[in-house]
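Worksheet: the structure to be examined is printed underneath.
Labels A, B, C, D, E and F are assigned to the chains in the order they are written; within every chain, residues are numbered from 1.
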Amino acid sequence: MSTALNHLGIVKRNITRAERGAVEALSRFGVATVHEAMGRVGLMKPYLRPIYPGARLCGPALTVLLQPGDNWMLHVAAEQIQQGDVVVAACTSDSEDGFFGELLATSFRARGARGLVIDGGVRDVRELTVMQFPVFSRAISARGTVKATLGSVNVPVVCAGALVNPGDVVVADDDGVVAVPAALARRVAEAAAAREANEADKRKQLAAGRLGLDMYRMREPLEKLGLKYVD
Amino acid sequence: MSTALNHLGIVKRNITRAERGAVEALSRFGVATVHEAMGRVGLMKPYLRPIYPGARLCGPALTVLLQPGDNWMLHVAAEQIQQGDVVVAACTSDSEDGFFGELLATSFRARGARGLVIDGGVRDVRELTVMQFPVFSRAISARGTVKATLGSVNVPVVCAGALVNPGDVVVADDDGVVAVPAALARRVAEAAAAREANEADKRKQLAAGRLGLDMYRMREPLEKLGLKYVD
Amino acid sequence: MSTALNHLGIVKRNITRAERGAVEALSRFGVATVHEAMGRVGLMKPYLRPIYPGARLCGPALTVLLQPGDNWMLHVAAEQIQQGDVVVAACTSDSEDGFFGELLATSFRARGARGLVIDGGVRDVRELTVMQFPVFSRAISARGTVKATLGSVNVPVVCAGALVNPGDVVVADDDGVVAVPAALARRVAEAAAAREANEADKRKQLAAGRLGLDMYRMREPLEKLGLKYVD
Amino acid sequence: MSTALNHLGIVKRNITRAERGAVEALSRFGVATVHEAMGRVGLMKPYLRPIYPGARLCGPALTVLLQPGDNWMLHVAAEQIQQGDVVVAACTSDSEDGFFGELLATSFRARGARGLVIDGGVRDVRELTVMQFPVFSRAISARGTVKATLGSVNVPVVCAGALVNPGDVVVADDDGVVAVPAALARRVAEAAAAREANEADKRKQLAAGRLGLDMYRMREPLEKLGLKYVD
Amino acid sequence: MSTALNHLGIVKRNITRAERGAVEALSRFGVATVHEAMGRVGLMKPYLRPIYPGARLCGPALTVLLQPGDNWMLHVAAEQIQQGDVVVAACTSDSEDGFFGELLATSFRARGARGLVIDGGVRDVRELTVMQFPVFSRAISARGTVKATLGSVNVPVVCAGALVNPGDVVVADDDGVVAVPAALARRVAEAAAAREANEADKRKQLAAGRLGLDMYRMREPLEKLGLKYVD
Amino acid sequence: MSTALNHLGIVKRNITRAERGAVEALSRFGVATVHEAMGRVGLMKPYLRPIYPGARLCGPALTVLLQPGDNWMLHVAAEQIQQGDVVVAACTSDSEDGFFGELLATSFRARGARGLVIDGGVRDVRELTVMQFPVFSRAISARGTVKATLGSVNVPVVCAGALVNPGDVVVADDDGVVAVPAALARRVAEAAAAREANEADKRKQLAAGRLGLDMYRMREPLEKLGLKYVD
């Protein structure tokens, strides 16, 4: 069990990644749908933004705990990457420095990473865009970082307000980033599929001019709460 | 008269929209020009941003007062939309949740809405971009909202720092969002036209290298205030 | 010598710009590289953002000290612009008003300016984008400014947290904005070139799957600090 | 009627202040109680804070619309102050400069003002604290302001997100600032009194260990919504 | 095991609180010391501030997951309070509304609570100060909340960036708030005691004018890194 | 001359402090007065706040350039402190960690320091308050810092937006922090004295009910600009 007193300075090599099929299933849905299917938990704060429009990713999380202004652990993490992983980097305190750039992206991609979610800053955004390496970050900053202090790899982290355990599935698109516990990945994918199927019919009705007030039977509860129509 | 004690839980059905011709006239100008033509009042705070570059809209405001994390009143508002309306949604306290997405946009468009200005968050930005449904929002967030508490429709609201009365003209583009009182719409459009005509000549002079210092006769007042040129 | 007691109300006409060759040399590098080559000083805060993706500029700084909500000094500055200059505008207190728009850009370009870095807001971003006039700003705001109070031109300014002396080289791209003292411009360009040469080889190795851990010989220092691998 | 096109550059001399008795009645209640009694509208944003703990005020609003970094209109407003007024100052764009200090407070007090609510900065906070002149502000800043551009006095303003008409009652204490429309002042005071009477009994029950769950009969609705107790 | 799909709408009645002795031991130390003793993890973000200077608390966490603008779960939580508990309230999205005031504090105290840590707003701060009921909050706001949507009690929560499990020890003082896992409480208390013992001697030496440079033997490592002394 | 390429890793031992008499003279004035006397330049941003009400300091600056999350240079700085110095610590990027606490304050005081101005966080605020060691900081945070990376001592720094050279006079009180160039200290003190003398008479007139409108002869310029009085 990972405990606080030895939470820093650790690299966990063997983690249980969400099963491949569940990851594939989740990759077909948008973040808003997955978040709803989760029961509305697990969403990272909306200050995380894609570095280019249309960036998206889905994969099991390889977690990193960084120290402010120090990206050493991203190099340590590179060795642990398996094909399809998403690197999820949290920081022990708020920092907008550029922890990550094109060289690390080259390394991460060579090792099989699908992208990066980082509660910190990144740089080389033009090059990363050309590479189409999806990154969701708190900031863009040209300021580099040092390699001086230990953090950890594959410990549970809180990233942009959401708890992420190594192996959890992380889904990100223009709407944000959500973490799905590995054990729930399949059930969440199923719930997402059900939700989407349900939405197709609603979309058709709404497009035809039917009101949500009627479709969702809202008139009665609104009236009970006292909604008044005046002229 | 709308008063505070019954400001919540109300839907006003009949509002006086700015006359169509004035709306059309205003739609030809950018927000910066309209704001200047207004005498520099009515601008919403610059944290409202378009969800895609190039988004723009102009139309009479259908106002909505939301509760934090609750988008029920947007469904109530849909029924009140008339062709060409812009839905302007304020919130009783700061909230960045995703109050609005593709399904509501489908409904709003089917009812005739031209777009949305919301002092809150929205989601499904990729789909909204594909639809070219213009939205100006405070944030982008995948987090959905509940339908539990009454707000109001077509009451005066303060949206991103600007007072908007139902029927006022709202103009939005890459530079921001401005609200023009319905009764002033025509005069503001005329002032905007005069301003633009005036700018064309200035632009030509400046492009030819003439200085604003000379064109606007600034040298004398600057000297009077004591501006010193040194080498 | 410029002193505080007469820091406002001054226009310095003759400034020593960084030599042209050094500016050219620096223009070939990205901001992240230049900042590293500088020894990691001189970077402006990351809240300065380009108004359109891909904006970039490099040139000697013509500095402006603005008063909040007042853009008079930008007109005064226009007369001092020489071919290739970058206007760098700081403000005596935080202000997000739209100090600059298409008319001033037309004038600046006619006088030879390459672009603008401003610790304030700008407007007419669509027109500026069409013009491809690069601007890095703190905000976008349609709100115009007055012409009432004296600031200065070509005094040392603190812009977004970085000290800029007139004639320093300013480099800006998607990663941010950095100021290079004129006297150091050549040496920084050389250091940047050395850095880039060095990176090409690293990139190749990383792309081939070699780890930074090995390439940078990090394993030993990490072990010394106590990094533990667990299963 | 005040309209946008002449919203700036106006001083309205005769305003209808809320009746004295209603102001007195409201002054006995805290802001949280008044806000509830209002039906939860009219609250200014919580970034307005008292400059010293325990500051409080209640009185009819004399409104001021300031320009950023310019406090001229506060001098114009001083002449319009009547005994018991609260000066409510909004700004046409966000500014944290020190618009107000000990000299103006001396003048305001001499003219009968009870205090100041300002969506901007103030200075001389030590002296204001010694004077026990209550101020609720957005910031504290030593930076002074100019006297160069016209704003208005006694026009409707949006201050920290709340609409305030001249003569409305403004109540402020450690919990924040609320504006009560003049015409509703008496009814709100009565509702506040009823609320307080009701709270005294609740307080006693809660102090005795009774649960809100039982006192407010929440168990049934919670169960209906599906709240589950687990061990 | 608590899972995401049923993370909302749950009240866990039986939780394992940190042992009383360890809580007592931890209560003797400041937050900075406890955080260091923890190995520098578990600290909440510094935007949480005490509502009055000198507020402090220490006790096992009773956790609450709130919905934005909705304090219903605080009432549900009251029933679960045991003598000495600290209520730790997180929110599913950022909200600065006043979730908590004097009536709830009266109830919480009657049930045995030592205080509140809340990633949201509170009100009645004057009354809470008179009661000396310690509260650490994100904001102060008079705005009340509704009781409409289910959250949870005694599930793991992320509060101001820190993971808190029910029963963990929470320590708060003027320096901030830290959470100590229940299983580590005793060891952290011991480490804190060792640290304090160590500091007493250092303090004496520093007070006598000895330099940290010498006391911590920093001169050699600084020289190795290349620190240069110039005149 | 200090240049960017060797701006880090330097300790300058001999600096020219503002003359003692001028420091003494400045210490008699508040920050607002000094800032005005300076011609309104040199003010640090208002996010710097005293850690306890009433904190104030005045003295020559011993400057420190910190790295984010690293307070090593504060230990290096301690050796350079001379009686009466104020330590002014800037950081190469934004960081709210607790760089400074009671042990360093003990050391600084033993070496003669009058206080600290830091564009970062501090901790042990209760102990610092008991010691009455004045600190003006950006944040309060219990999070400690490492000692791993070189910064500099006694180089020019930008602290909270203001340029500070070693030896400049720094004045701080409840209104904020201002830096006065050493060479100007005496002239600024004289200007401050003249300003205060002038204010005493104004205060008397304003207290007697005279209006600023008349005292400052504002009526004519206001009328010229078009201010209209309406009923």
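The criterion applied here is as follows: a residue touches a chain if its C-beta (ideal position, glycine included) is under 8 Å from a C-beta of that chain, and two chains touch if they have at least 3 such contacts.
What you are looking at is a predicted structure, and each value in this text was computed from that prediction instead of being measured.
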Separation of chain D from chain A in steps, with touching chains one step apart: 2
Same vs different contact residues, chain C with chain D, by half of numbers used: same
Repeated interface matching A-F, over half of the contact pairs identical, chosen among C-D, B-C or C-F: C-D
Chain D and chain F: spacing of chain centres that average the CA atoms, whole Å: 32
Centre distance in Å when chain A and chain E are each reduced to the mean of their C-alpha atoms: 27
Set of chain E residues in contact with two or more other chains: 6, 40, 43, 92-94, 96, 141, 143, 149
Chain pairs that touch, as defined at the top of this document: A-B, A-C, A-E, A-F, B-C, B-D, B-E, C-D, C-F, D-E, D-F, E-F
For the chain E and chain D complex, residues of the former touching the latter: 6, 9-14, 52, 72, 75-76, 78-79, 96, 98, 101-104, 106-107, 109-111, 121, 123-126, 139-144, 147, 149-150
In the complex, chain D residues that touch chain B: 3-8, 38-43, 45, 92-94, 156, 158, 161-163, 180-181, 183-184, 187-188, 191
Residue numbers on chain D that touch chain E, as the complex places them: 30-32, 35-36, 40, 43, 46, 49, 53-54, 173-176, 178, 199, 202-203, 206-209, 211-213, 216, 218, 222, 225-231
Of all residues in chain A, those that touch chain F in their complex: 67-70, 92-97, 141, 143, 146, 148-149
